[in-house]
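These notes concern the structure reproduced below.
By letter and in written order, the chains are A, B, C and D; residue numbering begins at 1 in each of them.
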Amino acid sequence: MSEQSVGRTAPERRADGASTRRRGIVGWGDPRGRRLGGFAFILNRLTGLGVLLYLSFHLVVLSLLARGPSAWDGFVSLAGSPLFLCFDVVLIFGLLFHGLNGIRVTLVGFGLVVDRQRAMLVALMVIGAIVLLIASVHILTVG
Amino acid sequence: MRGSAKVQMSQSASAPHVVIVGGGGTGGAVAHDLTLRGLRVTLVERGELTSGTTGRHHGLLHSGARYAVKDRESAVECIEENRILRTIAPGSFEENDGLFVAITEADEAYEPLFFESCLASGIPARRVSRAEALRLEPNLNPALRCAVQVPDGTIDAMRLPLRFFATAKRNGATIKPFTEAVAMTIAAGVSGRAVRGVSVVDRSSGARYEIGADLVVNAGGPWAEKIAALAGVDVPISPSPGVLVAVRGRYANMVINRLHASGDGDIVVPQRELSVIGTSSWLAADPDHLTVPADHVAMMISEGSAMIPAIAAAAVRATWSAARPLIGERGATSGRELSRTFKCFDHAADGVEGFVTISGGKATTLRAMAEAAANVVCGKLGIESPCRTREYRLAPHTAYYA
Amino acid sequence: MAHSEQPTPDRIGPMWTPSREPSRPTWGWILQAVTGALVLILVTLHMIANHFVVAGGLRDFADVVAYLSNPVVVVLEVLFLVVVTAHGLLGLRAVLFDFGLGPRLEAAITRVLAVLGVAIVAYGLWLTWTITSYH
Amino acid sequence: MNAELDPASDTHATADTGVPIRFRVYRRKAGDRGGHFDEFTIEVAPDTTVLDALVAIRTRLDPTLVLRHSCFHASCGTCGLRVNDAEVMGCVTKVLELGTSTVKVEPIANEALVSDLATDMVDFYARLAAIGRPLIRDSEWLADSIEPAGIESYNRFESCIECGLCISACPVVATDSRYLGPAALAAAERAVAEPRGLDPNFVLDLADDPQAAWRCHAAFECTEACPSAVDPAGAIMALRRRAASRRLRSLFGWRKP
């Protein structure tokens, strides 16, 4: 800025346009400095995308049904393998987190329980953990 | 610099250029005043605006009642400026009024003199009974004896001065925060030495450059002595710090003052969701090295809780010190004495032309200080232009960021 | 009124402007919330029906055919498909929009996802039809 | 002047306390291609704040450090920082309470940078301006103002100190700067909740926008970061409730939107 320049106007700021913006996917998923709700948001995203991926897979697999009994039954025998069962546990976790956090997001989004949303999140997660435990035991033992 | 500058140059390019050193309330108000009088103005501040004493004060808009008994001139000045600020800067105050509360017998004995002095100073004071005071402010010490209501108020210590900067900028002044004055250019003039410019360092880039000036105004507050030293002159201004304590919770809606002869820890200013208690005073050597002594903090809490007992148990949000610019009597006080409350020094008397120091005063009187300084500046530069800041409505503080 | 006394603040800085999308976003949110709630109910029913109603869960092809022979089940499963598709694609849209892609790309995404949604539901209906008519 | 008090003792001391803390401070000057961290060691006392330490660094170790500060009690909003990755006001964050021997200090995110730790708040105020700023009242007790029932339950938006911590903490602003952001939406909710004669629908229309109340993902980072109890996320959710209820009412013909 020369001596003659007068005033400071918004578009000028700094010539190099430096900012502290945290851009893109790195800024979006950066866990540092996040608080409880921030982690819930990140996890909600990840579980949502994960479940979406599963559903796509699920729909493709269901097409085997159209090919008749042998194609389907061949797949079902594969689905009983321990690896698949572990995958089921991860899926249940994703569904539980996304669903339970979704209850919180929906309620507060309609202006309900906003003041107690943090406690609600904790309570829902406790419920989720219990259900996940029961479901895991069921899946891994009963199959 | 974009050519389509949104700034209308109301100042002609040939108008004298004044550089103001110091971006506190005084500097901002001087920039505003001089800009309105048609001068070209550049203000430099080493840090963020209002980062010195201005931002750190408790946020009291004085009614003048505090000075009514002992310093009538200050009291009159305060109530006048109080009225002017409410007119030119609506929205920057809480119109919450102030309550002077008498707690002890001695306080009560002081009340008639206090009340009469307020009225004599033109301060619209109202006697408030004990019962009414407790109804207005239920957190007050129930032992209080009587109270007087006066038009004190809460100011935003940063945003009110920022409105002066915003208005000055809008009217064409150049405001340069993070720009530190490091030297003065002194030239041999007709009648001795003369300040011809200021060398500054832009702290955001490290660049050092010189700003030419027809006159330099030193508005450094407690740093005024350091800035004057750059021009080789001495001003008798010493930093006089005081401790302030902010507690969580708004324990009163009005400004609560102790009704007694001025002392330490005698005010509680509600500020947003906080209550700010002030203040002590001592003399410091360097305004950059202020301490926050534990015994001062303890005294603030105990004096504050004498008026509002709940303060004793309140959670402390922050403790800090702010340095007033105290005008001493050492050396020959040169220049013109404009008021007992603040002083404007024309350093021509010290053999340096083109250099003026404005200091002392208080947040409430920033506009009046600027008017006095601008009168001196215009007189020296041979400019005949009346002060317009009494009526000129200030832009909102947000306009500074436009 | 005190506000009218304030000088109308001149526009401050580069103004944020509403995006002026023709469709108001409220419905998107309501739809996402409603489908989310329905998914929650239907996924629970789906899991229970698939894994607990028939002892040991749906196993072989015959189980699936038998399961879908119940018209109530068919209605629930088709409804489930519709709401889960809507919820999932709305969610995906929100994820993508958070990257600030600009109005043109965002409009394109909305169209592509809408077509994808219709295709998925059509595929599901075809599949259900194929299985229920299997004898 | 109280002679019996000792101004030499200092609860906010930044030297001779024997508790050295290493500060990793973000630096970037105009023209630099990127930022880097400088390290300074300052001794701190129990009440020494991050801001006290930074001012001591500037005063004693490096006068080129650029930072913002004004009030020293979290009332002005200038010294918002990211300390150890969390958004805080430097003036009310005690160094020893952070519990780390190294303290990382960065400017708040999602704003233009002046230099080092100082941000230019132009973006912040542009966002506030978008909703018209009908929020700062002339007085708390205007004789001619009508307070709605239940006013006590509203957070006073006057509590907002315009520090930008909410914008810094918001995960949505991190990826898309077109989002109006928490502070402005909190102001909008305040204006809608307590219109004081203004048309609330005008502000509600602005908030009922894909880039306004509906961009939020309920992470509540803004509310947790807010140093002044404004609860921007709560305000956003209140705006959603208003907008949704307005839509549903119009659907059933109860009232025109």
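Everything that follows uses one rule, which is that contacts are C-beta pairs under 8 Å (C-beta built on N, C-alpha and C of every residue); 3 or more make two chains touch, one makes a residue touch a chain.
This one's a predicted model, so the numbers in the text were calculated from it and none came from an experiment.
A.B. asks: Nearest chain to the global Cα centroid?
C.D. replies: That would be chain D.
A.B. asks: Applying the document's contact definition, name the chain pair with more C-beta pairs in contact, A-D or A-C.
C.D. replies: A-D
A.B. asks: Starting from the mean Cα coordinates of subunit A and subunit D, work out the distance between those two points in Å.
C.D. replies: 28
A.B. asks: Using mean CA coordinates as chain centres, what's the subunit A-subunit C distance in Å?
C.D. replies: The mean C-alpha positions of subunit A and subunit C differ by 15 Å.
A.B. asks: Can you check how far apart subunit B and subunit D are, centre to centre, with Cα atoms defining each centre and the answer in Å?
C.D. replies: Between these chains, centre-to-centre, one finds 25 Å.
A.B. asks: Taking each chain's centre as the mean position of its Cα atoms, how many Å separate subunit C from subunit D?
C.D. replies: Roughly 35 Å, centre to centre.
A.B. asks: Could you say which residues in subunit A touch two or more other chains, in rising order?
C.D. replies: Those would be 10-11, 14, 24-25, 28, 109-110.
A.B. asks: Two or more other chains in contact with one residue: find those residues in subunit C.
C.D. replies: As it turns out, subunit C has residues touching two or more other chains at 2, 5-6, 9, 11-14, 29, 98-99.
A.B. asks: At least two other chains touched by the same residue of subunit D: list those residues.
C.D. replies: 30-31, 114, 120, 122, 125-126, 128-129, 133, 137-139, 175, 177, 217, 240, 244
A.B. asks: Note which residues of subunit A are touching subunit C in the complex, please.
C.D. replies: Residue positions touching the partner: 10-11, 24-25, 28, 45, 48-49, 51-52, 55, 59, 62-63, 65-66, 68-69, 72-73, 76, 95, 99, 102-103, 106, 109-110.
A.B. asks: Looking at the complex, which residues from subunit C come into contact with subunit D?
C.D. replies: My answer: residues 1-3, 5-6, 9, 11-19, 21, 24-30, 94, 97-100.
A.B. asks: Once bound in the complex, which stretches of subunit B touch subunit D?
C.D. replies: 47-51, 54-56, 59, 90-91, 93-96, 156-159, 178, 180, 202-206, 241, 244, 246, 253, 264, 271-274, 276, 280-284, 288-289, 291-297, 299, 317-320, 322, 396, 398, 401-402
A.B. asks: Would you tell me which residues of subunit D are touching subunit B in their complex?
C.D. replies: 1-2, 5-13, 29-31, 47, 49, 59, 63-64, 66-76, 78, 91-92, 114-115, 118, 120-122, 124-126, 128-129, 133, 136-141, 156, 158-159, 161, 228-229
A.B. asks: Report the residues of subunit D in contact with subunit A in the complex, numbered from low to high.
C.D. replies: Going through subunit D, the ones touching subunit A are 28, 30-32, 82, 84-87, 106-114, 119-120, 122, 126, 168-169, 171, 174-175, 177, 217-221, 223-225, 233-234, 237-238, 240-242, 244.
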